[in-house]
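Just below sit the structures, each encoded as structure tokens.
Below are two complexes that have chain A in common, paired first with chain B and then with chain C.
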Partner chain A sequence: MEDIKGAGNSGDGQEMEDNKGKFLNPTPILDELEGGQWPSFITGFKELGERTEKPMIRGVLDQLEYSYKTKMGYWKGGMVTVKGYGAGIITRYSMIKDKFPEAKEFHTFRIQPAAGLHYSTKMLREVCDIWEKHGSGFMNMHGQSGNLQLIGIEQDKTQECFDELNQAGWDLGGAGATVRTAASCVGPARCEQACYDNLKVHEKVLKNYAGMTHRPEFNYKMKFKFSACPNDCANAIMRADVALIGTWRDSIQIEQENVKEWIDEYGEDALYEQVVNMCPTKAISHKVGTSTIEIENKDCVRCMHCLNVMPKALSPGKERGASLLMGGKNTLKVGVNIGSMMIPFMKLDTDEEIEEFIEQMDEIIDWWDDAGFDHERIGETIERVGMKQFLEAVGIKANIDMVVRPRDNPYYKKKYDSTAD
Partner chain B sequence: MSLDVNGTTIEVDENGYLLSLEDWSEEVAGKLAEDEEIEMNDQHWEIVNFLRDYYQEFQIAPAVKVLTKAIAKKNDIHKKEASVFLYELFPNGPGLQACKIAGLPKPTGCV
Partner chain C sequence: MNAPTERTWKTIESGPHTLEGALHPVVVKNYGKWKYHKLIKPGVMVHYGHSGDALYTVRAGTPRQNTVDLVRNICDLADQYADGFMRFTIRNSVEFMFADESRIEPLIKELEEIGLPVGGIANCVAPIAHTQGWLHCDIPATDASGVAKGVMDNLYDEFKTLEMPNKVRLSTSCCSINCGGQADVAIVVKHTRPPRIDHNLLSTLCELPKAVARCPVAAIRPTIVNDKRSLMVDEEKCIVCGACFGACPSMEINHPEHSQFAVWVGGKNSNARSKPQSMSLVAEGIPNNPPHWPEVNAVVGRILKAYKAGGKPWERMNEWIDRIGWKRFFEEAELSFEIDMIDSYRHARTTFNQSTHVRF
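Then we have the complex of A and B:
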């Protein structure tokens, strides 16, 4: 067996020699993570540690090395806030601060990005400078939480750091039982499939729920995600309590000229293999020898496959809006849920229409706040009391287009068999 | 760690929360509030007393949600207004500051 030299033995004489003149202590086990063909966070940690000589970074690396040795994590939570805020900072205290005093505290700031994760380079430079001045200098962009996360700060520096960030135009995100930081896909800013201006709706929702983002007082978390088309790049249907997904209610727009161009370029076989036969509801037809396609729109289930394959020839209909799905979440009290279709179609073009949506959400959240148990996501509350009770309570009329379970198991993706009828 | 109130020494934890609920008095609360840079008025006392009553009955500090709703009901305001009201009284969060002044243990977890 190969001898892992020095692993778990940082007092080794040779290593002391190799480490001469360096700020960081030897971390032989962590160094193993730098091998292989992918970038390693350890390399980043070490570079930053050597450059800034922050004791906090040295302490965290030492503690992490120890964690890998003992196969145990040593961070615990707690409560750290800034003035006027009850949430937004994720607390991390070391459980073994006597052993690693430099790693005593390593709290995380959650910062709200702009809708669609659009930044200016100036704003990014500012946040980098402020963070390196007060905190560790590490950031994480962007986890499933949708936040720009600034990792590693001590409690007594949080207020001054926050004040500077706030002056530069940043605000804390959600944590705990709050309306969490929302997420959107790039939307109409950079995508031709967008069916509504999700960036605008995101911004309005964010502003409306700012208080509920900063002051945790719900049963549990409440997440909004906005995808501008059924491709759902924001992963809304699976991950968000409130998923607003763009859709259309008329027919897919076909540019037959571009269909012909596509067929000329890729051939008729490709059209069958990649478009016609891939339609899950067999809504697309093509006559051999012609250069056009027909779509039976009432059969279309908005899977987006044909639109993605032929983006020039096909585009969403002209009557565009969004569907509201609620209750998506990962395992909690009950297992993984996909959002249920609550409002099959709504227009979101004007400020009034967006306002109406927010009013509806206010009513729904209010209901959940009263009817929900502690630590219960809204999907679970709905499942517990029953869909009928929920709809009656929030004043949504039942409709044949509503689907309780678009697909039961979110891990399951159907492979469509092109030879089947 | 300890707190000195009129010559009496009172044991507190590393974050300044009382170790024993029995040590609490209005003077102690006043000293704790001073350390938190809060000037106590009737509205502050009302919340501190609510927390103490609740703790004595249920042996646990109320969830912020429960506190907010109770204050909303008592003052006949909407719970959104009650939330703003609570944070105006206790800027670092009613969970952290009001519990401290009321002599309750430090709330744990992320809420």
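Then we have the complex of A and C:
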């Protein structure tokens, strides 16, 4: 098999025959993923490989083919960064570089896109050009945390590539024990439900924490996510240590003529089945034969259901802001944590109000720095140390909205004077 | 050899890219002043501003693992139809927005020509949120991109039609950390054996105290093997989570046969109607069988078929199950409840039935 390009690979004679004139080596198992109707990443990779003839692409596809055959992964981590930073590049060396020397290095840039993943073609084309010049040309859009991930570059090209990206307005995201790249829903850019300008807050907060994004100094990672209403399209509550979710405090705005239009279109039965009966707190009422609805706003828990069903007739109230929930994370290690309510309502309209939020976060991060263990997410620290201790330490007032119900056991201790008899 | 050229650029720690210049002019004009939206057909919606402006959105699925070539093709379409702008959803779809209704059909045609299906809005199957897998991760037991491709091939029609009771969000993850996230249906690797330890290399590759501390059940202890410092695992205690492998590559948790798949259902982030909820284990011991993962596909297919037939409009997976009960869910999805589906970890008792409520 001397003529296998870039060494390695396991193709048989027939495959070599079929592959004449091609730059890439045969990848019969991966080729199976070119069938079917859903867009195939393998087809994309192969076309790019044939066009650019980058050895790294050939090596990586060979190694991926080998993984599909052996059902094992072959990357190991390491430490590659750019000057002044300690995070943002995910380092990958092949563990089987003797077999696939062209896959020897395959590092990833995590790039922070604009909030809400909005792009102009000018911005994206610039990234494509810089990335094709220095890297593999593979672009992961996007990572689960919200990074634009540029996959596949060699260490000696990282600084130059970063410098060009940075000049074009891009910066690296987080990795390891840092503030991580944040995520936002589409927000006020194109959604009528948006209750605060999450895109602006995202940009301001992450710019403020840029230093903590680039240099791992925490116990562990800290993720921010910004959804502009309780529909939580950014999946903040279970994926972010810090979830800022839009809400409102006054009454839902109703336009009865549009309620009527809805009933005329879908019928009164549908109004009962899909709106009235589905309100989790039975806050909505309707009198048979009329074409209006009433909402008891004191009972409404701002779940969004009725607004989703009748967006033309119902809108969030006018006094808008956000709730702060903290501690969301996935399984490792204590199990899934859903974020819990810390501040039920904050206004975030003005720069001062956003500053106040950042100051509150600074205080919380300071506490976590001191109280947390290595590799402990903030929700785990709060649970271990105690919610009461946490609230007192960071100056948040206890509030009934923080709990599903008051405690059912008597084992708490008041402050007492131990010197008195 | 040439001397390296002096680096002249000074890094700007700018954080996220600015939104300035990234938004469509109609978006800028109506920012924060949208009134309502309407679904026009699968993958196409219109938003109306208080100004009276209409903004059309066409959404298309992508392979997520894109290339510069595909991204440039998308940019070409955005230049031609969306005035040079686009955005991406958190489930990897691309959205083109524009004010001219007559562009909808030609754009859809061109998208389908380059293989990007239009759909994924409202009550249908949205693209899978998934992880990196064998392509790039250092701890994966599978290739999430491949699983996602295989599952979406099967659910292609469900992406392009509006026949589900409500949205269906899927995720795939190549280890139990589950970077793919909580979802209506999640396909997640499940290890079934404790790590296999390479005592020869361990002390050179790993910081021992770090690996010891990583274990959630304190199953790892220092030891000496063949005169080398190493670690051992109390296999009785070990919960096969794989946490140690992330800290120490010599504690290999992955195995071609013993790393399998589990399927979880009922995860929901949104607050709409029911509260956000984490997902529950409903199928396990499913082989990791590339490149098409037929066994995974069969389970996911049965679950979605049952939900599609039984769910009422607006009921998400967890809400449908709440209504009919878990027992009937297992029947309708033709799955069997096994003893390991009873929680045995922290807070386990909160999932036990502490009442006489039973559906006979």
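Quick note on the criterion: the second predicted complex is superposed on the first by the 392 of 421 C-alpha atoms of A that agree within 3 Å, B and C clash if a C-alpha of one lies under 4 Å from a C-alpha of the other, contacts with A are read in each partner's own complex, and residues count from 1 in each chain.
Operating definition for what follows: a contact is a pair of C-beta atoms (placed from the backbone, for glycine too) under 8 Å apart; a residue touches a chain by one contact, two chains touch by 3 or more.
Because the structure is predicted, anything quoted here is derived from the model rather than measured.
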{"item": "Touching partner for A:369 - first (chain B), second (chain C), both, neither", "value": "first"}
{"item": "Touched partner set for A:309, first chain B, second chain C, both or neither", "value": "second"}
{"item": "Residue contacts with chain A in the superposition, chain B compared against chain C", "value": "C"}
{"item": "Which superposed partner A:177 touches (first chain B, second chain C, both, neither)", "value": "first"}
{"item": "Contacts of A:45 with chain B and chain C, given as first, second, both or neither", "value": "second"}
{"item": "Partner chain in contact with A:21 - chain B first, chain C second, else both or neither", "value": "neither"}
{"item": "Contacts of A:232 with chain B and chain C, given as first, second, both or neither", "value": "second"}
{"item": "Chain B versus chain C as contact partner of A:211, first or second or both or neither", "value": "both"}
{"item": "Which of chain B and chain C A:83 touches, first, second, both or neither", "value": "both"}
{"item": "Chain B and chain C footprints on chain A, overlapping residues", "value": "77, 82-85, 90, 211, 374"}
{"item": "In the complex with chain B, residue positions of chain A that touch it", "value": "77-79, 81-87, 90-91, 175-177, 211-212, 215-219, 369, 374"}
{"item": "Residue ranges of chain C touching chain A (in the complex, touch as defined)", "value": "7, 9, 11-19, 21-23, 27, 31-32, 34-38, 47, 55, 57, 61-72, 74-75, 78-79, 84-90, 92, 97, 115-117, 129-143, 145-146, 149-150, 152-153, 156, 176-182, 210, 213-214, 216, 241, 243, 249, 254, 256-257, 259, 267, 269-274, 276-278, 288, 290-292, 312-314, 345-347"}
{"item": "Residues of chain B that touch chain A when the two form their complex", "value": "63-65, 68, 79-80, 83-84, 87, 91-96, 106-111"}
